[in-house]
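Common to both upcoming complexes is chain A, partnered first by chain B, then by chain C.
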Partner chain A sequence: MWRRRFATSAATTTVATVSRFKPVIGLEIHVQLNTRTKLFSRCPTSDASPNRRVAPFDMATPGTLPALNHQCVHRALKMSRLLKCHVPKWSRFDRKHYFYADMPAGYQITQNEYPIARDGLFGYWVFGEETDTPYWKEVEIVQLQLEQDSGKTINILDSSPSESSESRSLIDYNRAGCALIEIVTSPCFETAIEAIRFVQTLRLLIIHHNLSDGELHRGHLRVDANVSLTVDGKPGTRTEIKNMNSIRTIHTAINFEIARQFEILSNSSGKVIRETRGVDSEGRTVPMREKDAEDTDYRFMVEPNLPILKIRKEWMEGAERELETQGIADFEWLRDRCGFDPRSSIHIAEEPDLLAFVKRCVRFKDSGVTADEILYWMRELKTIMQRSKGNYPPKSDFFAKQFTTLIHHSGRLTRLRLLDLLRFYATSSESEEDVLLEDVMEFIDKNDFWRINDTEKIDKFVEESMAKNGKLAEKVRSGHAKSFNKMRNLMIETSEKRIELEDAEDAIRRFLQR
Partner chain B sequence: MNRFFKIVLTSTRRASTNGSGKRKTPFEGDKVHIPDEPYNSKVRFFICFKKKLKHGIQIDESLLSEMPPIDAKLISHLERLSLVRFDSEQAVANLRNSIRMAKRLELVDVEDVEPMHTVWESQECPTFDDVEEEPLPIDKVFRNAAVRFDDFFVTPPGNVPLESNERFDLNVINKWDTIGKPVAPEAKTIRLAEGRRK
Partner chain C sequence: MQRIESAIEKAVKFRRHGIFISETFDLARTQAREAIQKGITPFPVAVKDCFLTNTANTTCASQMLENYCAPVNATIVERIVANGGCIIGKTNLDEFCMGTSSALGHFGPVKSAVKEEDSPDDWIIPGGSSGGSAVAVQAGIVDLALGSDTGGSTRNPAAFNGIYGLKPTYGVLSRYGLIPLVNSLDSPSILATSAEKCWKYLEIMTSKGIDAADSTSVTLPEESKESSRISSLKGLKVGIPIEYHNECLSEDAWRHWNRIVGILKREGAIVRVISLPTTKYSLACYSVIAAADVASNMARYDSVAYGHRSEKNESTYEMYATSRSESLNTVVRRRIFAGNYFLMKQYRKLYLDKALKVRRLITDEMLAAFNEVDILVTPTATGPAPKYSQLRDTLFSKEDDDDYFTQAANLVGIPAISIPVGRSDEDGLPIGVQLMANRLNDRALCDVAQILSGII
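Moving on to the complex of A and B:
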């Protein structure tokens, strides 16, 4: 029910946007760094049961002082280089005050006025549904700041109406004080697709350079989006969608919010309220319980316990050196070196199994095989594996080699024969019999599976088949379409799939015209 | 004036002599900056900010910006910021007085002076290697916890909306210092309750 309603409102948005409204979206991305210890304490960050990863500083024990983790600075510098940011000679930490039980000091140490890096630029490909042509987009990065994470809260709500309500919160400080990098972009996205492709690309880059584990579902990447609609070019009121931790959620929530604001604004008296919104399980944005109609006053002040952080030249050089040795990320390699289109390179790089398969294929790739051919036959292979209930993609090196060899020779084999061979090799190598299998070239040669191109030979097959199946031949002659196809299939079958479908059809037509 | 120097001199002299009951400093011979006896801070004001003050040691209140009226909105804003609840008109009136006192700082000439944020201004922030240390054992983590549930701290739910702020007699708060009473009248709610009882 909701889906239908949502779909219609989204559709109207796109129509009306052209005339009056334009969405403006800005993102704040919190990246949890995968350092061994926290940002300001040497408490380990490994997984553990609740409150087992807490140092005195993390629970704001009076008298404890912050001790900055060098690795966090190092990773922030790497990130600044990746996002082509300007890194000032020094930066400073600030306190941002608010009361939450999972923030035991009553403030978060962050970087507000003098962040570690600012004014960056990040380019990436945007692609939508299958039919869209990808386009290049550059995003302005406003700033990049190091900050502490909060602990985790479990809310236990007691719905009983009695006054002695049992509502309470359970707090786990394991995450409190872990290192985050917050990336703030300018409001330069116009669609939800642009926003999610940015997050996807950034995520792959972050994982490649070992800045974060980048697992969205585990909260390593949390995204806030500021959404507003400009009306006839005039900026509108924005709402902030908090804490989205899956690509799909980001997409649906932003679209939902655009549709919601559009519905409000298209009513002449409607007004969007500036507020913070959460996301429910369906991707709808809902007002958060907290009331912050008036601007929250965070009472920013300079962190008095941390002197100015001067960025040394050798730190910067170290970060650059490491980025260089790490080389380009897999999706960039696929896109720029192997010729995959932007959509497939992101798609493949996001799936470790697919990536491993493609890497194997590229290793065995004969010079003649293009990325598009690999993609085409991978799709066919996927269907084959789904039908035969095998695992896709097959994991063995042997199969990858046969796969690329087959693609390389695809011009010399009929499509049906090639599919047959793929099925045979994929299912057999899956069952670990590949040691017994011979190389596909030998196999084809031995059985003479090569495609028949000689028209005379093909004509002979037609004559034979027509002669053998008298009744069917009659029907074909009378122009019965189904029989025509049946005859064609028969021919292909008797030729052991060595005649291409089109060739067979042409030959029958030729025969009939004679 | 004379009194101030006397205090400073006596305190320095006392610190340098060694004996029981005397002020001690970590290193012998260090100056003691905190005087033993309190002195009128207005004297200090006069010394530091002579230029700004018109009539000697008296602070000219007319130079200060006007006190903002304390209204229900401001009270609730302050309560939200501090997470502290005012319990009576007296509490708010005291705060108002403190604000008025603090306003004197407006007279300090800070033009072209960078605010000081830390005593480590000339230092660089030290960084530490990313090497794990043993976290606190679980019993120490919970040593100060009033309520514990399994291995979690327990707190009241957050984001509780504040109650109505029309609790105080704003007139009393804003006029208290001109009434001249040392203690502000009791809160409206209590008075009302008592009135009903009577």
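Moving on to the complex of A and C:
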């Protein structure tokens, strides 16, 4: 049985807040669905040069009408289930009006009053960068809404030396009308770490279930954070942070914003302004839009060209069936089935090469090998590979097999011998010589590399070594520490690394006491 | 082919009536040749300039779309052309279909051809907003004209020009490619010289079933087409809604409406006077719903990707504002203003949400009436077509008076047809009567209209 080895209780909050101020963070996450065509037009979503993926509807050609892409509904239903949301019997599309150059209709078709899903509760593990004990957290999902993406405005600064140097704005409608699911959470996060662990977990899930390609830097996942500090329990003014295009940026930007607001509020006359802030290259939040978001009236109205979206029972069942067939995500498998701790599970799942290596190891592992042992020896292996300038982790099945075999038999080998063998197999198997290599067990047997446990045998090694090296033996006897170590190493060397370091030391001590 | 050439000839002859915004004679000839090759008899068609065509500009009679050529054809344009329709031209209308005079469009007014003009500065109003389409049929240029009908825009000009105007059940004709006025009220419609032809063209345009591109599209039940056919007026249950006899109704319209009811009785129909008390709220209800949709639908005309762009473009918002102010007429701008007001957070509940409730009441009441009767008979307009000068002097308020008779059918989504029943006493101008039936009873409606017309 592989067992979890971490605590399940909530740990104490880690942010260095003075008791008067408490950060409150809510997230709005836009997930771009990876459907073949757009949300309301049959236009392909594949990559192309600017304005080559634009159906008449996508550029708001008058008289064209939306026709809902059922695949998007299907994916939204899957997402609803993953986030444990309630899916009402029907939902509706609304128009949200505002003028923006890359939003061609002057409104976005979204779901405002009656979204496809609401009231979810999603549990995940929160862990710090280093040593904190992971704790389980449940985030409240307010709602899930299907909506259109906008186009992109590309600002070109004309750097030509002519006197009328001016900047131009060009618009690419390729993205206009692509399907988004907006996930709105309640302001339930207390730290930046809680927020990013949620995003990381969500990301792995949506990739696993093929809802989105999930690349933050490519805009498949766009995260906005609402941050405020409560003062003595009273809610404070919040700011909205946009344009965070990596997990790291989300982390630093939220922490920066907390610190910035803390700084303002610590001053008795300080006031946080309600605004939208962007993020600079250092992860600092900077003012973006001054206008008070509360005052924007989007003049919502029902989208008249789309009937009410009634969710059929078989759609829901189809979504559930597919989730079941797809099974649990890799990070869940590592965590719940293989016994990896939450941090390592996420970390490994986020790195395709690591994941592939661990999967191979798990395939070959003997029942006695634990997740912690694999993690321990992977760290050793990483050091070895860094020194030998080889690729970490090695990619071959053969190596993974030898790796797990070695771990399984680690009790019967000395640490130094094991490291030697790892180095040997890791560097050799990389060069495709592994076909010529024999199985590590055979290799050990043939060379008799097994650890010597028999104290009598070890004592014999001490006697021989002391006898052979008279001068050094004298120094050892006189209690010279360096010589002691030298003698020990000599012993290990002569035993061809079959004597464990501690065993050698114990034996020398025994010898001296005789 | 001869029919197409004669249509072109007539179109040229009637140019001073301002019927067409774009003439597409060569296109018509090409389409005629293609039809003949397929063994189909070509026939001339006029298309209201609010339907997209990818071979000719689609302007909505607005400076905003003065040079706009769409990338696609409207579904019903595709379908009519595939069945032998040859597009002679795109017809003139009220800017963005807002109005019932066809007098204020960017490309000049449409002038009725029912009578000789007596002065170049004044003319008989052709009705609207499908004024150009109606005159094209009345003048004998085309066999079929496509119109759109949001509050009466096809039935009103049909009545004023003494022809037939059929607004089918909402959703029966695809709206894909119809530049919207009010999405939930818009019905592509048919102008022709008989009720039978109206049905024939409706059948052609629905023969391929529902249009997947229009999610609100519905199909006429196949069985109803035959089983619900009506061959005699005997026993037909006819309702006369008393509220349609209002203070605006003219002597002429009243007399002809009465006469038709008399004929129905004589032919053995069971005529009952019924009451639709909420009908009187339809105008107010329509105004709010329409304005909200207009504000929303018109938001796309920001001059970024297409449409008129102002010279003034210091900032993006200035570019939007001036481009729109310069190119949209007062009627359109007023409705946008009103619509944005009705959509505001603090007013939506007060106006738009109320209007939608009233719409539901009007609908329920009307549909309940169809449990009692098969057909409703009402006037189509207050009276005969006015002169331009009359409209201008009353600040176009007569437009609203006429809308009163036709709007309810749009709010409820039922089929309605205007048929010519006679002429006014004084000027001998055409007078129409409107027949309405329950949803999807378009076939029966056309049958009754046809039988009735035969007797008149």
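Quick notes on this structure:
The rule is short, and it goes like this: the second predicted complex is superposed on the first by the 482 of 514 C-alpha atoms of A that agree within 3 Å, B and C clash if a C-alpha of one lies under 4 Å from a C-alpha of the other, contacts with A are read in each partner's own complex, and residues count from 1 in each chain.
Keep this in mind: contacts are C-beta pairs under 8 Å (C-beta built on N, C-alpha and C of every residue); 3 or more make two chains touch, one makes a residue touch a chain.
In this text, all values refer to a predicted model and were calculated from it rather than measured experimentally.
In the superposed model, A:Ser281 makes contact with neither chain B nor chain C.
In the superposition on chain A, contact of A:Ala60 is made with chain C only, not with chain B.
In the overlay built on the shared chain, the residue A:Ala105 is in contact with chain C alone; chain B does not reach it.
Look at A:Thr325: by the touch rule set out above, it reaches neither chain B nor chain C.
When the two complexes are overlaid on their common chain A, residue A:Gln513 makes contact with neither chain B nor chain C.
More residues of chain A are touched by B (comparison of chain B with chain C). Contacts of A:Ser269 after superposition: neither chain B nor chain C is touched.
By the touch criterion defined above, A:Thr133 reaches neither chain B nor chain C. When the two complexes are overlaid on their common chain A, residue A:Arg95 makes contact with chain C while staying clear of chain B. Judged by the touch definition given at the top, the superposed model places A:Pro50 against chain B, while chain C stays out of reach. Where the contact sets of chain A with chain B and with chain C meet, they give residues 56, 59, 67-68, 97, 99, 101, 169, 171, 173, 297, 299, 304-307. Chain B meets chain A in the complex at residues 77, 81, 83, 117-121, 123-133, 135-136, 138, 141-142, 149-159, 161.
Across the complex, chain C meets chain A through its residues 50-52, 58, 60, 65, 70-72, 74, 175-180, 183-184, 212-216, 292-293, 295-302, 304-306, 316-317, 320, 340, 343-345, 348, 352. Of all residues in chain A, those touching chain B in their complex are 35-37, 42-44, 49-56, 59, 67-73, 92, 97, 99-101, 153-155, 157, 167-173, 289-291, 294, 297, 299, 302-310. Of all residues in chain A, only 56, 59-68, 95, 97, 99, 101, 104-107, 169, 171, 173, 297, 299-301, 304-307 touch chain C in the complex they form.
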